Amino acid sequence: MNTLTDDIPGKKESESLWGKAWYKFRRDRIGMVSLGVVIFFMIIALGVWAGLWGQNWSGIEGPMWAPPSAEHWAGTNIIGQDIFERAIYSTKTAFEVGMVVAILSTILGGLLGALAGYFTNTWVDELILWLMGVLDSIPFYLFVAAIAYSLQGYAYSMHVAMIATFWTTTARLVRGEVIKLKNFEFVEAARAIGLPQRLIIFRHITPNTFHILLVQATIVFVGAIKSEVILSFLGLGVVDGVSWGLMIAESTQEVQAGHYSNFITASVFLFILVMAFNMFSDSLQDALDPKKVSA
Amino acid sequence: MTQPLLSVKDLVIEFSTQRGIVRAIDGVSFDIMPGETLGLVGESGCGKSVTSLAILGLIPSPPGRIISGSIRLDGRELVGLPESEYRHIRGKEISMIFQEPMTALNPVFTIATQMTDVIMRHQGMTRKQARERAIEMLSLVGIPSPGKRIDEYPHQMSGGMRQRVMIAMALSCNPKLLLADEPTTALDVTTQAQVLEQMVKLQDEFDTSVVLVTHDLGVVAQTCSRAVVMYAGRVAEQAPIHPLFNHPQHPYTEGLLKSIPRIREQKLDELPTIPGTVPDLLHLPSGCRFVDRCYRADDACHQREPDLQWHNDQAVACFHPVGEAS
Amino acid sequence: MSDLLEVRNLKKYFPIKGGFFRHTVGHLKAVDDVSFSIPKGHTFGLVGESGCGKSTLGRAILRLHEPTGGEIHLDGTDISRLNSRELVAHRREMQIIFQDPYASLSPRRTVMQTLLEPMEIHGIGNPASRKEKVLELLDIVGMRPNVLHRYPHEFSGGQRQRIGIARALTLDPKFIVADEAVSALDVSVQSQVLNLIARLQRELGISFLFISHDLAVVQHISHEIGVMYLGKLVEVASSTDLYRKPLHPYTKALLSAIPVPDPDSKTRRTILQGDVPSPLNPPSGCPFRTRCPEAMDICARSMPALKTVGEGNNGLPHQVACHLY
Amino acid sequence: MEMLQYALRKFITGIPLIIGVTLISFLLMVYFGPDKTYELVGKNPTPEQIQEVRHQLGYDQPFVTRYLEYLKELVTFDFGYSDSTGERVNSILARTVPISLALIIPGFVLGNLLGIALALIAAYHRGRWWDKFIMGGSVVGMSVSFLIVIIAFQVIFSSNDGLGWFPVRGWNVYDFWDYLRYVTVPTLATVFVALGYNTRFYRAVIVEEMGRDHVRTAKAFGTPPGELLFKHILKNAMIPIITRIMFSIPLVVISGSLLLESYFGIPGVGLVTYDAITTGDQPILKAVVGITAVLFVVVLILNDIFYKLVDPRVSLK
Amino acid sequence: TDGPDTTGMKIYRHSLNGSPSSLDPAQSATLYANHVVVNVYDTLYAYKYLARPYQIKPNLAVALPEVSDDGLTYTIRIKQGVEFIDDPAFPDGKGREVTAADFVYSLKRHFDPKTRSQGSWFWAGRIKGMDAWKKAGSDYDKDVEGLKALDRYTIQIILNKPFPQLIHTLTQGYAAIVPREAVEYYGREFSVHPVGSGPFKLQRFDSVGVVLVRNPNYRKEPIDLAFEGYDEAIHGKYGIKEIDGKIPPLVDRLEIHFIKQSLSRWNSFTKGDEIQYAGIPKELLDDVLAQKQPEIILKPEYAKKYFMTSGYENGFVHTDFNMRDPEIGYNDDPQREKMNHALRCAIRYAYNWDDRNKKFYNEMGFIFPGIIPPVVPEYDPDASRETLRHDPEKARQLLQQAGWTADKLPTLTYGGVASVDSRQMFEQFRGWLMKIGYPREKVVFDSYASFGDFNRAVKKAKIKIVGMGWGLDYPDAENTLQLFYGPNGSPGSNNANFDDPEYNRLYEKTSVMQQSPERTRLYRRMNQIVLDSCVTISGLSRQQIFLWHKDVVSFPDQSIVGGFHLKFVDVKEAQK
């Protein structure tokens, strides 16, 4: 009497949504190339971190403003430091800033966004919305400056400030998505079996916002790197070490005097990474778009 | 013999998706006579909407593409017609009503704006004349105090009313052909009955041909004169309404008819079913598309796809039609 | 025959916020004073137009919505008075199957995780026995074990609906609410699922509250049917009685509006005029009077109570709320 | 009337936001901000003198007193005198805000208008060559740092090494012609950078809108492409567009553009604000933060009212 | 265009690389503020336009002060008939006459806490009765014994002990004469509404510049070039001669643009008439100059268009060790204190003055040992240059001898305001230290986003190594020697917190002495004490180059006081 079948159509490719997304992503040529570039930069950063290269960014090696040569690929800066070496080391700084800010602000945004979305119309939501509104309306520079002062000399003050301001966008997106999701029947089903709210939120709802978080993290990553450039220019940025922002800040006076090396090297590094990351982020978004995944 | 108003011949439509090329319509042919109501039935995903969109030249492209076949309206070929010319056919000669009354109307314009725009465009009237015409149409579809309601926004109306507005709008330019893509699926039974009745009445009045797309055989039985049963992108059976319901020839039609829950004097212990599910268009079985679910299938069915065979005015795509010894 | 579920004067009002300080200015009476009971092993069908409060009623019984008033007795316990901890324990006894096969399964959890979760939460059995139970359930709903590690999106609507049913069964409930469980399915699949539900009920003796807007479906599966209109039950009768001898004008209209898949059918159709009134400001007296072809003066003045007007062939009373009777 | 009542209620509910913003900012300023004292003491101060300056600045008052004082200032709209120049804060703002607005508005307007125009073109040709070209361009625009653009544009357009068409810096504006001369290069830089983000955002909005059912309906009734795009799609897309534009207004009005002002030597409010931040000029900061917060709440209200104007479904309740 | 109604006006457009925040004389701590203050207010004395070394001349005063024999009582007479500009602050809107009481009031203001004076340290503890007056509540109606107007035009100052530099302090912006009416009328906004009796009056002031216009009622005193120190050999080529006998101010409108970015400033300067005066950005020096040493010569294409002068600044840059920090300065443990001394000296040997000069001062700075810069008469050209020697080998040796190893070395915090330059200077410094084996992680840049915060850290003695610059207020080495006087320790001006008994004693002794060979000898002895203690790495006086358009008649100077030359600036053509 049981005439039911369970032929699953089209199950060849992969089992999970992530698998599908990866499958889709792999076919996106621009996405793959940009991912390649990002990975290349990441390897550079890891190498610096592991001490393989880019170590001699602070030593005074050459003369002032030496032109590019076999010894100094991108020449030297005013105090005789090797520009290429500094640009390489800055890759690490950029990833450090980007990673720390992206990961932490995504976690914070995801968490608070989920709570706000799940508890809409309660004080929890009101409170979180209030906090977001407040943080969004404080001028960014005041915030960064204040935190930079409050954590004087602490190497991560810039990071803290960026996290504190960047998480709100993520949280708003996640909140919207969670509001949508919590009206789905599977949430009600979870309640019907007596699942505690904590598990409903974190086991059933938040996993469905991971695609947003992932894409948002890449966007924040780029935002962090770009903000670092401006903050460093204003003297609120990286405390120790060197970054592209600092290099550009150093070079702003030199450019019109015809010393382009510092400016170009840092700008090109920055531009390529940011561009690759933007394109990667776009492709990732396409690949993870649930509308498109289920097609 | 009269000329068909619309004639669809060997239509093939493909969609390119991430997973591969989907042939959503694979050699569909049917004719519509003037004044006739043709039902287009079949389960979800069998290609009903795509077919009707193709007639209006609205297949989203990309990803969709008409690969081959022809669609003729009054003898005029529509496939490959440039947009600028197609525009003058849409709304004027062929109109369409969509399934979702909630979203098919533009939420930010009043009913008046949306209707008069259409009428002015196709009938060359002034806005004032167009407005009068629109009010007249609204009262025809049974909207109370149309002069007032015409200035409302869609969200201020109920689903049934919106659907009636759609019908009024669709008929306002006296089209020759009305495509109705599941016009009542989203409505309650009582509202559905109201809307359908209204539609039939107006169709008589305007002498319009109608293609009624639906998955509800009950609706077809009560409104259509002829029906096309589709299965997975192909026509399974095509017949006037009486033979179709009384003597279905395709096993799929037969199964479909049987498995519809209906109010019965004597309750059945178990409803008859068609086993299995509709195949994925990307992974069709070889041979007949219905072969996996067919109780009459044999080797031949696994090897070849049956073509549509005409017997009088009834056509079926099956090697072993019901009624033949299997 | 004893009643497994007894609902008395159940009410569910949603507050309407408004005014300067967004305080409650009124109530939307989604379920207004509804009473009925379901014997063990029976199916109670609930029909009515969209928005009339069917789902709200189902959910209020399971306390997925907190009821505004009334009592719900399930197997002797008053569900409406349980505190949240006791409620969790009682959730084992009542479950729900949802309408939307796409939205009702957690998209990022495998079938296995979905089916194991209820037992884990309630601490039933050990991992091995749970697994066994899951396999058994899959067999009951007619799926093969190789689906266990797949995700919902890899299944068709009918298959998902079966997984949903299996989930509802994991805790061996006595009572299940099936909220439009087959409405979203294609006809050919709909009957498969309906057969499955009917079989489960026969074999496991579970009581069902079967919600649908499709009278034909309800008639097929239910022992007894309630017709709802604007938050109120307007007619309750055994399924055969209701079809043979509908009393309430609304039920009549509903029945005649069903499109019959038979071109020769000659039923006279009662086409209702007008639209369902908004539950935000329901008409005075009988809520149906605005569309009722047989409305009388009294209908505007008083709301008719649900009263028994006779007994059907299988011993179930026929109740109707109409001034005509 | 309904509008007015709504606005009033919204404003009242906005008060916690204003309190939050001012409280947190003020906390940051007072406890974590720079200490103005040490800018004001001379080269060879004594501890007593330092104490005197702190007293003059009110730093020795308890926090609560100072915060209440701040709220009073906000309500009376009188923020006292700058701790640096001694000028009235109100007259500083009255002097600098118009300049910042004059500086920013052309770029802001052009950036948004061009963004929408390009987005329409890209969305209309979705998936085709034009779309790819515009979107490629916008990724490039998004990837270049504003700082780099400013430096490059100044060298290219203004300096004698480049084209030398415009003044290098300054804001000597007495007539419209002056204004054009001074505003062009900053505007070009702003537009260049904003265009990337705007185009992308607006395209996404428009594409989403194009996929809606009612657009298909309009097409099915023979609506010509222009009308479809500009009437049906654009009006529906207005909500996210308005939101984006509205919410950038408070920051533009009050924060100006620090980078532009400092690079082009323009005496706008951005520079004043930034200097106030880094030197801890609290009266100015209090004014800027307070006004920003109030503006935010106003924008919130205006935004809802615009919604209402654009979309009849939105009710103000 | 320069706004409405400038046709026919003579306009001079000056530029500065920074901006003043306040125009209140009591707060005119910066060069930038002085540029405006001395041009809108009068001071009793001023420096002569052209005479170098600087010479003081009477300005509002009639003559140099009469000083009593004990050096304690000064009597100064001022000119009659000088009037403040018309201003609503005065009862009838008409400017009234400047009197001796105005000077008394102006100086008393410094001792009123409400004034937030930054210059009171010049006179603190020196004027008889002033401290008591302040303690009693700074009531202007009460008299101060040491500061009185004897009559309408006579001022008397009585000192507690001799203060030979007093007359210099009276040339400063701090000592400018303000009317009490204006101070009271404008209150806090007095700082942006200057009301003075100087050659110009203020028209506009914001963060990017000031506009001053001629004060039509300025006293008519024709220029006597010979008196101002004109020397044909030096000044002849600039065409200054033609202003002889003219009555200042010579221009109708004086604009001072504040431009921090040096390249921006340069582009503006070379563009045309946007600004008519600028320095040369260090990045462009090689492009603009044909020769740097020994004489600075412009390339012909620039020489054609611009005039140039140059000179050493009245001040110097140095790097101090914070002696209050036990890890590098004084320590209770004498052994450790010795080690710290060695460490400081080693760092001084690691310091490469030539490199610094080359990279940050265009190889044009003047390097000298100690704290007496070349612009003061006490400078010793024959002093030993050992302490300026860059010798990493010696440094390493010193460290080794004192028992320092890489892991024992303390972490050095090098403080600075976050700016590209200070950061690069730090990196250069760290580079040198790394060369003597100092681990990179142990040399840390302590950056502060504002001068105020940096200053706070310095005044609280929190930073180990501080890079500093000192601009002389007046050309007397006393002004730099006080930087190492023990009682001036933080929060005072002695940032190194140097506290040496002998030095302190000598300072106290010399501070009351008039200039003499004996005083010079003692000054040099004090210099030696500082050098021997290795408390500072010092010093370098920066070369300054000034460029101006050839249609401007000027001899710029911004070393001392700042801007006092502007009233003598003339332009050849009026605005068309």
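Every chain is named by a letter (A, B, C, D and E) in the order it is written, and numbering of its residues begins at 1.
We adopt the following convention: contacts are C-beta pairs under 8 Å (C-beta built on N, C-alpha and C of every residue); 3 or more make two chains touch, one makes a residue touch a chain.
It should be emphasised that the depicted structure is a prediction, and the values quoted were computed from it without experimental measurement.
Common neighbours of chain A and chain E under the contact rule above are D.
The chain pair with the larger count of C-beta pairs in contact, out of B-D and D-E, is D-E. If you average the Cα atoms of chain C and of chain E, the two centres end up 89 Å apart.
In terms of their C-alpha centroids, the spacing between chain D and chain E amounts to 39 Å. Each chain gets one centre point, the mean of its Cα atoms, and the points for chain B and chain C are 32 Å apart.
We define each chain's centre as the mean of its Cα atoms; on that basis chain A and chain D are separated by 24 Å.
Chain B has residues 273, 275, 277 in contact with two or more other chains.
In chain E, the residues that touch at least two other chains are 261, 267, 449, 453. Shared interface positions of chain C, defined as residues touching 2 or more other chains, are 156, 159, 192. Contacts from chain D toward chain B in the complex involve residues 127, 212-214, 216-225, 227, 232, 235-236, 310-313. For chain E in complex with chain A, the residues that touch the partner chain are 261-263, 266-267, 281, 283-284, 287, 358-359, 417-420, 423-424, 427-428, 430-432, 434-435, 440, 444-449, 453. Across the complex, chain A is touched by residues 59, 62, 64, 87-89, 91-92, 94-96, 98-100, 103-109, 117-118, 121-122, 141-144, 146-147, 149-151, 153-156, 159, 162, 164, 167, 170-171, 192, 196 of chain C.
On the chain B side of its complex with chain C, the touching residues are 43-44, 158, 160-161, 188-194, 196-197, 215-222, 241-242, 245, 255-257, 259-264, 267-275, 277-278. Within the complex formed with chain E, the residues of chain A that make contact are 58-60, 64, 77-81, 145, 148-149, 152-153, 234-236, 239-240, 246, 249-250, 252-254, 256-259.
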